[in-house]
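These are the structures in question, set out in turn.
Below are two complexes that have chain A in common, paired first with chain B and then with chain C.
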Partner chain A sequence: MDLITVNIDGRDVAVPKGTNMIEAARLLGIDVPHYCYHPKLTVAGNCRMCLVEMGTLAADPATKAPVMDPATGKQRVNWVPRPAIACATSAQPGLHIRTTTPMVRDCREGVMEFLLINHPLDCPICDQAGECKLQEQSTGYGRGYSRYVEHKNVKPKRTQLGPRVTLDDERCILCSRCVRFCKEIVKDDVLGFADRGSYSTLTCYPGRRLENDYSLNTVDICPVGALTSTDFRFKMRVWFLKQTNGIDTGSSVGANTVVWSREGAVYRVTPRRNDAVNDTWMADSGRILYKEVRAHGRLGTIRVNGAESALEFAVRAAAGILAKGGAAVVGSGRSSVEEQFLSRKLCDALGARASLVSRVGKGDGLLVSADRNPNVRGALVTGLVAALPSATLESLGAQIDSGQVTAVVSIGEDLAAAGLSAAQLARVSIVYLGTHANATSAAARVVIPTLTLFEKSGTLVNQQFRIQKFAKAVPGVAGATDDLLALARLTAAVGGPVLAEDVGPLWTQIAAEVPALGAVSFARIPDTGLLLDGTPWAGLPFAEGPTLHFVPAAPAPKEARP
Partner chain B sequence: MPAPEQHRLVFRQIDEPGYSNDLACYLRNGGYEVLRKAVRRRPEELVDEVKKSGLRGRGGAGFPCGVKWSLLDRKSGKPVYLIVNADESEPGTFKDRYIIYRDPHQLIEGIMITCFANKVEQTFIYIRGEFPDGAKILERAIAEARAANFVGPSILGTGYGCEIYVHRGAGAYICGEETGLIESLEGKRPYPRIKPPYFPAVLGLYQCPTIVNNVETICHVKHIADMGGEAFSKIGTPNNTGTRILCVSGHVQRPGYYEFDVGKLTMGQLLNEVCGGPLPGRKFKAVIPGGTSAKVLKFGERYKGRRKVGAEMVEYDWGVEDIPMDFDSLAMVGSMGGSGGVIVMDDSVSMVEALGNINAFYSHESCGQCTPCREGSLWMKRITARMVHGDARPEDGALLKSVADQIAGRTICAFGEACAWPTQSFVGKFGDEFKAYSQEKGGPRPDAAPELV
Partner chain C sequence: MAVIQVQRRALTLVERTYFPQLMGAMFTTLKHLLGPADTMEYPEQRPAIPAGYRGVPTLVKDPNGREKCVSCQLCEFVCPPKAIRITPGSVPEGAGIDQVEKAPQAFDIDMLRCIYCGLCEEVCPEEAIFLQNQYSMSGYSRSEMVNHKDRLYELGGTFPDRHFKWDVKKAAEARGGGHD
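The block that comes next holds the complex of A and B.
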């Protein structure tokens, strides 16, 4: 890459040519305040907060020879008398900018004052308070007082732009980030401004609504409290919330997330920047998954033959059922890598073959891929399965019908939903490890409630064969057992090896036994994940089409037609 | 010194008795003869003529027309468009309207010469939404010209063709800003584009190189092609060549349109002799020389400095009456030639109220794209409106000036200056009036009036 040198506040920095000056300044730890600029959107240049002084190296117009400054012995800099916006200024050789001069300070104070004169200043009831750019930058760069004595603009306070987004128009600073996001990223051009001047309001085009599956990203990128999540609105002050890194389990894209929780309850899920996976976006569908933690039907009691029991007895009862032979295991593409590793160990101990339930839908080409299981590749990597799963458990059903299989361990999968009939379920003894009540849990002889993704730590392997970590955001609900603990105990009870019950020690065993993960250390997996070598599985007909930052390997060439 | 005679070039026939805006009349008066000759020349020659003529844009900024044409990006291989800016909205300006209504064929001939010179095959006339009749007149004139083979495919049998389309605006001042106009023409909100990178000569209409010229500028191109750039450059004064239409409005005896050699006429000659002086019993107080966005000039002020006359530098000491009406002189005294709209105010005018009127206009017309102009223009309007309607405070003048200072030079387009300059100059030059206004008109609200909450 060609690096060129630009000078910011007297310090040189080497950046690729064309780098935006806000980003170049960031490299030096210099904050250039801005509202409308967003690294993943086109430059609009309308907020005028990033005004800086700009200069170029002086050269003699005729000879092009550098003009030297005798005082410093360096080439003189011609400073442009008008301030320029840093966001639309790209790095050129010899470019100089200054961000701390009196003129720049005056520009920022002026813009801050203008942004606030018609702003309602309703921070005490605003959801954005605590993560609001207006608050931060008025503290950092504003005057601290107002000279405005006129009446403020009055605009609608609660416009429903769509099913998930509520607009408070008075707070809007018209930065157009949301408009550009819908147009450029989602290609669903529904937002625009109506009216003009200071009376401009954000609105949907007539007859349209902001209802695409990415609408809540507009809430994330809104620098102020104008666009709010209808779900999160007025629920919690953000400074009370704990942030935990998570992974979106909506599909095999594995968008990186932050889970915001307080006192054991999750309040919202937002995207976490990963330029190799999801940039700064995530689908709305992934944000509501946290609701399953407290959903109706959550299992909280260990049961054996319908009676309340304890883990030790349940494991013993399950081992008794499975010891009779004819056992099968239904693993899950939604389980973590660690759980899949233990599932494989269970299969090995039982001498059973594992099946997986596939969930293939239509990909949206952005951040929801065709494969709605987040971790099918984890099952391949850990050796739980060798081939891609089919949509229904037909062969398992046939084996049940023929009497070959008499007992089934289901790890989080509802067998009825996966195509087994009620009659088939009745013919076998079921051991169910899962989070929510369903037909399988109702038919099971042993039920061990387990944890949702928000209540445990682990890893998932996404469609790029990128292994990504997620961390426990909230404690598990009462009565639920950690999946790893349950699987390890069950494996041991059916005569398998003694395995670690915690992620850390378990990884020593995983690294030792799984070739593809031999070089991986759980503790050292970066926040943005680690790419694994997927070539051993390159020939499999994966369901995913192209999505953001992912192009599927070219499908195997079809036989030439005559 | 008596005022020079009017020199009517663009307006030569417009006011002749019996002159009408149809093709037959235009042809009777020698119409399209210049085009006939022009299409037999090499396009590059015509561009050179315009460069030699020193013609400066008549829309407001006074940018040299030939330079503008030579900045066109020819390497991209994209089509080049011409846009005629007929969105004449600057308060106090009404020259383009007159040309369009009375002499549309002159404009069309100018367009065709400009297009031929620059190898343009599509032209858009962006006409102000408030000129519905003008649009109809242009449409009819274009149809006539097309029928006579002056417009359309292979004009006059040359193999060169160009189409002209009329596009009506929807009534917004900002559509006169060239990049705002382009956005509007593309069917979007007229948000002016950021420059760099969106210079029309490189990334204009549909991201293709585009020329945007004012109606009067295009008409001058016809006369340059007729008389030659050399001859045109001898009219007027050096660097301020040709003739210029001045639209005088306000408190003079004879307001109206006047066309003079640029710089050969002073403000005093224009107002006192050409326009007949102040109304009976009144005195001139102030004049805005180039549309409301130009800075106001105060009668009684002196402007001193050095200027170039020929090869040498000469001291000057001018009153308002002595200022020559050309781009450079008006810029030297801190205002601008702008669009040629001369607005005269006499001693009956309260400058606070006049500024209130101007601020109301600009706050209504701010597009709202960038912060300083959007919020600042409305703030200034609210201050002046409050002053006029009751609650003037002595410190309001200083506040107004400070708000205006926070706008100018910090916006995406020149609207920032357009809305800040009036306030800066009104308060700067008539500060005492703003201070005194609270005593004179304002003061505390009468007790009986309920407080607005």
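The block that comes next holds the complex of A and C.
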């Protein structure tokens, strides 16, 4: 890479050619305040907040010889008398900028005063309060009182831009981040500014709505409280919320997320920057998944033959059912790597073969891939399955019909939804470990309620074979058992090895037994994930098409796989 | 350090009768019996509450009868003993105060936790919470000692307003532009 040296506030820093000065300053830990600039969008340069002083090394116009400063013995710097915006100034050799001079401070204070002229005093009712760039900068560069004697603008306060986004036009500072996001990232150019001057308002194209699957990213990138999430609106102030790293389980993209929770309740899910996976975006469909934690039908009672029981008895009853032979295990592409490892151990102990249920939809080419299971590759890596799963459990159904299989352990999969008939379900004894009530839990002999991904820690392997960690955001609901505990106890009860019941100790066993994860330890997986070697599975016909930062190894077959 | 032994002075004859001390004590008693009382007959009599007294925190309404709290939850945040608990909500459409947008769904102050510090009153951006004259809180159970929203408004009553911020805003909306 071509590194060139620029000088910021008297300190030299080497940056790639073309880096803009906000990013260069960030490398030195210098904050250049900005609103319209976003690292993943084009530069618009309309907020003027990032004004800095710029200078270049002096050279004689005729001879191009450097002009030396006799006082310092170094080449003189010609400072441009007017300020320049840092976001649109790209690094070039010898570029000097200053961010702390009185002129820069004056610029910032002036820009802030103009931005706040028409800004309503909505902070007590504004959802952005606490993470608002306007609030942050006004503590540093605000005047503290208003010199404006005219009336403030009145604009629409509750425009429904789409099903998930509410716009407060008065708060908008016209930075155009949302407009650029829709145009450049989603290619759904619905937003724009109408009218001129102080009448400018953000609007949708007539007859269109902001209803693409990425609309809530505009809420995230809005530096003020203009675009708000209709779901999160007036629910909780952000300073109460605890942030936990998570992974979007909507598809095999595995977008990195932050789960915002307070006192055991999840309030929202936002994307976390990972330049190798999802940049700073995530799909709207992944943001509502937190609702499953408190959803109706959540299982909260361990049951054996319909009667309330305790884990010890349920495990003993399940082991009794499975000991008769003819057992099959239905694993899940939604389970974590750790659970899939334990599922494999359970299969080994039972001498059973595991089946998985695939969920294939249509990928959108951005952050929702065709494979809606977040962790099919984890099942391949841990050795739970050797081939890609099919959409229905036809072979298992045939085995049930022939009487080969008399007991099924389902780990979070609804067997009825996976193509087994009610008659087939009635013919076998079912042990169900899952989060929500469904036809399988109703038909099961033993039901052990387990945790959703928001209530436990673990790892998932995404379509790039990148293993990514997620952390427990909220405690599990009353009555639910940790999946790892239930699986480890069940494995031990059916005569398998004694396995660890916690993620940390379990990983020593995983690293020892799974070749692809031999060099991995849970604690050392970075927040941005760790790329595994996927070549052993390169020949499999994976369903995913190209998405952001992912190009499939081989073109996906056109016809649907059986 | 050396210990110095001090010899107690021997009492005189008059002192040994204890009579002067008895008379002195009787005089003090008589003085208070006839002078003004230092105590009061509580609860029939109540003390005058000085201005700025920090009693039970209450919620107040503005002269139009609108609840001033917009559930910004700053008091909940600042409360040192975590006595305040707010469930934010939105103002129902068509209530005539749509411009406020936000109001508390539930507002609980646990008076067993409250330390009467007054930080909630100090932090409130809408001048909606005040520590008023009420100083005696009692109840038979823990739940009785939690003041809910309706009780807080009952205790708080109506306060004069200098700004009518939201009325100004509504008027500006009605004429289609320009508020202060």
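Going forward, the second predicted complex is superposed on the first by the 554 of 562 C-alpha atoms of A that agree within 3 Å, B and C clash if a C-alpha of one lies under 4 Å from a C-alpha of the other, contacts with A are read in each partner's own complex, and residues count from 1 in each chain.
Keep this in mind: a residue touches a chain if its C-beta (ideal position, glycine included) is under 8 Å from a C-beta of that chain, and two chains touch if they have at least 3 such contacts.
No experiment lies behind these values; they were computed from the predicted model shown.
Within the superposed three-chain model, A:Glu150 lies in touch with chain B and with chain C [touch as defined at top]. After overlaying the two complexes on the shared chain, residue contacts for A:Tyr205 are found with neither chain B nor chain C. Touch counts on chain A: comparing chain C and chain B, the chain ahead is B. Contacts of A:Lys235 after superposition: chain C is touched, whereas chain B is not reached. Once the two complexes are laid over each other on the shared chain, residue contacts for A:Phe313 go to neither chain B nor chain C. Once the two complexes are laid over each other on the shared chain, residue contacts for A:Pro124 go to chain C alone; chain B is not touched.
The interface of chain A with chain B overlaps its interface with chain C at residues 150-151, 153. Chain B meets chain A in the complex at residues 172, 189, 191, 194, 196-197, 363-372, 374-379, 382-383, 386, 399, 402, 406-407, 409-412, 452.
Residues of chain A that touch chain C in their complex: 120-121, 123-125, 129, 150-154, 157-158, 233-237, 239-240.
Listed in rising order, the residues of chain C touching chain A in the complex are 70-74, 76-77, 88-90, 99-102, 125-126, 165, 169, 172-173, 176-180.
Residue ranges on chain A touching chain B, taken from their complex, read 43-49, 51, 82-83, 85, 88, 106-107, 110-111, 113-115, 117-118, 147-148, 150-151, 153, 173-174, 192-193, 195-200.
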